[in-house]
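Two complexes, one shared chain (chain A), two partners (chain B, chain C).
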Partner chain A sequence: MSDTFLSVRGVSKRFGSVTALADIELTVGRDELLVVVGPTRAGKTTLLRVIAGLERPDSGTIEMNGADVSDASPAARDVALVFQNFSLYPNWSVRKNIEFPLRAPGRGLTEEQIQGQVSFVAGLLRIEHLLDRKSTRLSGGEMQRVAIGRAIARKPRLFLMDEPLTNLDAKLREALRVELVELRRKLGTPMIFVTHNQAEALSMGDRVVVLSEGRVLQDATPQEIYRKPRSPAVARQLGQPRINVLAVFANDGFLRTGSGVPLLPLRPDTPRQPLMLGVRPEDIALEGGSHPGTVELLENMGPAKIAVVAWAGEHVHVLVPKSAPLKQGDRVYPRFDPDRAVLWPVPERGGDAPREGTN
Partner chain B sequence: MKHDAAAIRIAFVAPTLVFLIVIDLFPLLYNVFLSFTNAQLSSAAYDFVGTRNYSAVLGELASPRFQDALRTTGAFVVCAVAIELLLGFVLALALRDSFRGRSAVLSLLLIPMMLSPAVMGLFWNLILSAHNGVLNQALEVLGISGPHWLTDPHWKLPAVILVDVWMWTPFMMLIALAGLNAIPGYIYEAAEIDRASTWAVFRRITLPMTAPLLGLAVLLRCTDALKQFDLVMALTGPNDASTQTVSALLYQVTFAGQKVGLGGAYACVVLVVVIALASVFTRYLDWLAGKQGRSGQVAT
Partner chain C sequence: MRALRWVTIVLGVMFGLLPLLWLVLTAFKHHPDAITTTAKFVPIPGTAVGSAGVAFSPTLEAFGATGRAAADGEPNFLDYVLNSAIIGLCSTAASVGLGTSCAYGFSRFRIAGAKDWLFFVLSTRFFPPLAVVAPILIMYRSVHLPNTHLGLIILYSAFNLSLATWLMKGFIDEIPRAYEESAVVDGYSRMATFFRLILPQARTGMAVTAVFCIISSWNEFGFAMTLNNAHAVPVPVYFAGLQGNIEGVPWPRIAAGTLLFVSPIVAFTIMVRKHLLRGVTFGTIKQ
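After this line comes the complex of A and B, so read on.
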């Protein structure tokens, strides 16, 4: 048996004139948490719905466990989907909500087994005290737990989670993020977790797929995506504070900014055409130097500060320690770490043009 | 200043108030007044008779003809509303998903509801006619010998029920359709993911979630059917033993018997019953509103 549970092959889906998914290729391992991250309208939800069987792709195939399930009903696929809006059955008790999938035809569970499973799940998610409450009388975090409980109670072959933490407050979101990873590891069931939150993507995923406008931009481990983003769009999608992206060109032994200020010494393998350079705020040091810029703004981030430096016609964001003796108007030279900077060819117009993403 | 505001308020309310007094309150009080007299349709003169009309009504309540009317009304309400509910709900289920020509079918189905009951009664009188009526001719084609709908005592009430069902099933269907459309699609998707059977989805999601609205429709239809008069009038006349509803009896006493005072007393008794029913009705609506209000929080 291969280590792959799910293969999505060349899946495309259009809604009228809108392309939701364009030739998607991805796989999920048997014991893997794959995070799909992308801005709003990237096609994340459609991808999950296609995998669940709620939506039929226009082309491409979906394989589970080596079998083609492209034409199978959601029931036959036996996957659990946690909807972004929770989708609990209103006016039912929490217990009834969790029991419902266990009573599906063909399961043949005894009442005892069903109740056992409900208590197991309730214990796992710490919702025992809510079992007899109506689902309409729960807080957002409680509804979320119940929705997850309903999904795991029946031991599906695959978990699909559609931004399940988005509607929660920050504190609860972080707690549940850790819990969910732990829970999945315990259950050993593969999971696809969709989010637009870059922190969730980097902290939760065994592997991360970056999706934008229905296309896979990159598919790699979180570390690799963070360190070696394949395009400015990927780089901008992940990392907080956001990466600095500058247009540069090679000349006279240096990579230079648009205004000609030298940035980094050229290497033998550096292409000579105009390039985009990406460098994360934590990979820049502020020093005195020959071409100083001006600190325009200092933003307190708690454990650290962001200095916005107006320099060489650009605004460079630099992460500095909280204790750094910087003040507005200081003259500083931002030195880029040559090993951490990433270079890309200048994207074609429209294709991978720099654009505003969320987070 | 304060007086001006009060004057404006009164000015705004006054037209409605005058209207209600002329249309509602005056006839009501006048009817109460008449119920204590021996007024007749044929003469303007009348005398006070105290509570004699009311004792007559109370005596009448125990009479066989009133008991019969009550039974007839009850049978009519139960049969007609039950059939309308069932048929309407089935039609709504069938028309729930969109298909080619759905709106045309829907419009056609709603026509009976839009027509005047009295006119429809007259039309059905022709349709149900035993020998040259369209219905029996159609049945004959199928090899069935149709009953004498409007002359056979056993078939008169079913005939009235049939016409009522024809008229009001679209109403039930419309309300059921509204109830079905109000069920959010994500619940069905969740059920699909949860591998629920078609029957479980119907019994545990569709039915309970449309029940409150169906209950409302049943209440509305019951209050309407309880005062059934127009179809009876048009199909069999108000004084037919097998179809005389309470309203028809009331009409018979007041107008055919020309006893306005006695009819007034009857009307007062009926009014009390109607007010009792109306309070059940408003309570149900309040309960429904409270329920909807709570579940409204779930939506997202």
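After this line comes the complex of A and C, so read on.
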């Protein structure tokens, strides 16, 4: 038996002239939390719907447990889907909501088993006190707990979570994030968690798939995606504050910025054509460099500060400790960590061209 | 300013309610009091019938006459009400039931030419229905449908179906698909999700649609008069028949009958009033 539970092979889906998914390849292990991250309209929801069987792919196959389920009904796939808007049945009690999947025809559970599962789930999610409350009389966090409980109750083979935390406030989101990861570990059920929130992606996933315009841009561990993003698009999507992306070219022993200022020494394997260089704000020091810059703006970020430095015709974001004695207008000498910088070939015209904006 | 506003409101309401008030007063009058040229509007018990002045003696005579059989073997008022009820309720149930199913189909499935079909459904209301009364009478005759409950039930259901479909489509469109989808993923069939999730959610819409349907079939006169004038006669046709009476038009009886006739509709509308208000403002307020 392999360690893979789900394989999505070459799945494409178009809606009219819009390509939602283009030749998607991905796998989910038996005990793995896969985060799919991407901007709006990247195809994340469509991907989940195709896996759940709510949409039929135009081409490609979906295998679960080694069996081809491409033509199987949603019920036969035995997966659970949690929606962004919770979609609890209104006017039903929490108990009835959680029971509903358990009472589906063909499941053949006794009343005793059903009640057993309901109390098990209620205990797990600490919602015992809410069981008899109407679903419309719950707070957002409670609703999402109940929705997750409803998904867990019938012990599906795979969890599909469609931005389940997006509609919650920030504090609750973080709490539930941790809870969900622990819960999944306890249950040992594979999960695909879809989000556009980079913090969720990096903190939750055993593995992260970056999706954009229906294509997989990168599929790797969160660390690798953060450290070695395969393209500027991936780099920009993950990490807060955002990565600095500069257009550079190799000349006279150095990688130089567009205005010719030396940035990093050349290595023997560095290609000679124009390149894009990515360096995270935490990988830049404000002293030790050779070319001066000016601190234009300081932004407080809680435990740290972001210094926006005008340097060699660019705006470079640098993460500095909160205590750093820095003020606006200071002269600094940014030094880039040569081991942490990432180089990409200049992408073809289109989606990946560097864009203005600091977020 | 405030006083002026109230005076305006009271005058407006009185003006609007005057015909209704007159109907109620007439229902409690003796026949001579109802047809006298003096407007009698002060009910004082013990006033002599036919006396001068604005007072009249209230009586339940008209209601009694309405309830009694006109002659031996003739159907009485309650029989007509029963006819109206059978026709109204059955056709309403059919329109709402079929309309809801049609609307569900239009709302949830990709149907080739769905917009054209919907327009076609609505187009059945573009002409005055009475324009087709003659061909319908001829067709009905050949299948022995005139003077039956079924005949009018079919007709009213057909006429109300377009309205029901359009109204219900609006309501069902507003029910999020996520409910059904999550139930389908959880192992329910489409049929089960329709009955267990969609129908309970569509209750408001169905109540609103039912009110419109029952009012239109309860009050319909033209077809009823043409098709059902001997048997299975509904109340509006019966009222029309009273006008040719030898003793002159029995106004108190007509008024009493009208009151009795509209009261179930009023009661029904009040019952679903809460839904009705939500229904007619549907889609205008984002919840």
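FYI, the second predicted complex is superposed on the first by the 349 of 359 C-alpha atoms of A that agree within 3 Å, B and C clash if a C-alpha of one lies under 4 Å from a C-alpha of the other, contacts with A are read in each partner's own complex, and residues count from 1 in each chain.
In this text, a contact is a pair of C-beta atoms (placed from the backbone, for glycine too) under 8 Å apart; a residue touches a chain by one contact, two chains touch by 3 or more.
All values reported here derive from a predicted model rather than from experimental measurement.
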#### Entry: Fit or clash - chain C, chain B, common chain A
clash
### Message
Quick check for you: in the superposed arrangement, does A:A75 touch first (chain B), second (chain C), both or neither?
### Response
both
### Query
For A:P105, is the partner it touches chain B (first), chain C (second), both, or none of the two (neither)?
both
### Message
Output check: A:Y89 vs chain B and chain C. Expected answer is one of first, second, both, neither. What do you get?
### Response
both
### Task
Applying the touch criterion given at the start, work out whether A:T136 contacts chain B, chain C, both or neither, answering first, second, both or neither.
first
### Touching partner for A:Y333 - first (chain B), second (chain C), both, neither
neither
### Task
Using the superposition described at the top, list the residues of chain A that contact chain B and also contact chain C.
52, 54, 74-75, 78-81, 83, 85, 87, 89-91, 100-101, 104-106, 150, 154
## Note on the structure
Listed in rising order, the residues of chain A that touch chain C in the complex are 49, 52-54, 74-75, 77-81, 83, 85, 87, 89-91, 100-101, 104-107, 150, 154
### Task
Write out the stretch or stretches of chain A touching chain B in their complex.
52, 54, 73-75, 78-81, 83, 85, 87-91, 100-101, 103-106, 135-137, 150, 154, 167
### Complex interface listing, chain C residues touching chain A
176, 178-179, 181-189, 192, 197, 200-201
### Query
For chain B, which residues are in contact with chain A within the complex?
186-187, 189-197, 200, 204-205, 208-209, 291, 294-295, 297-300
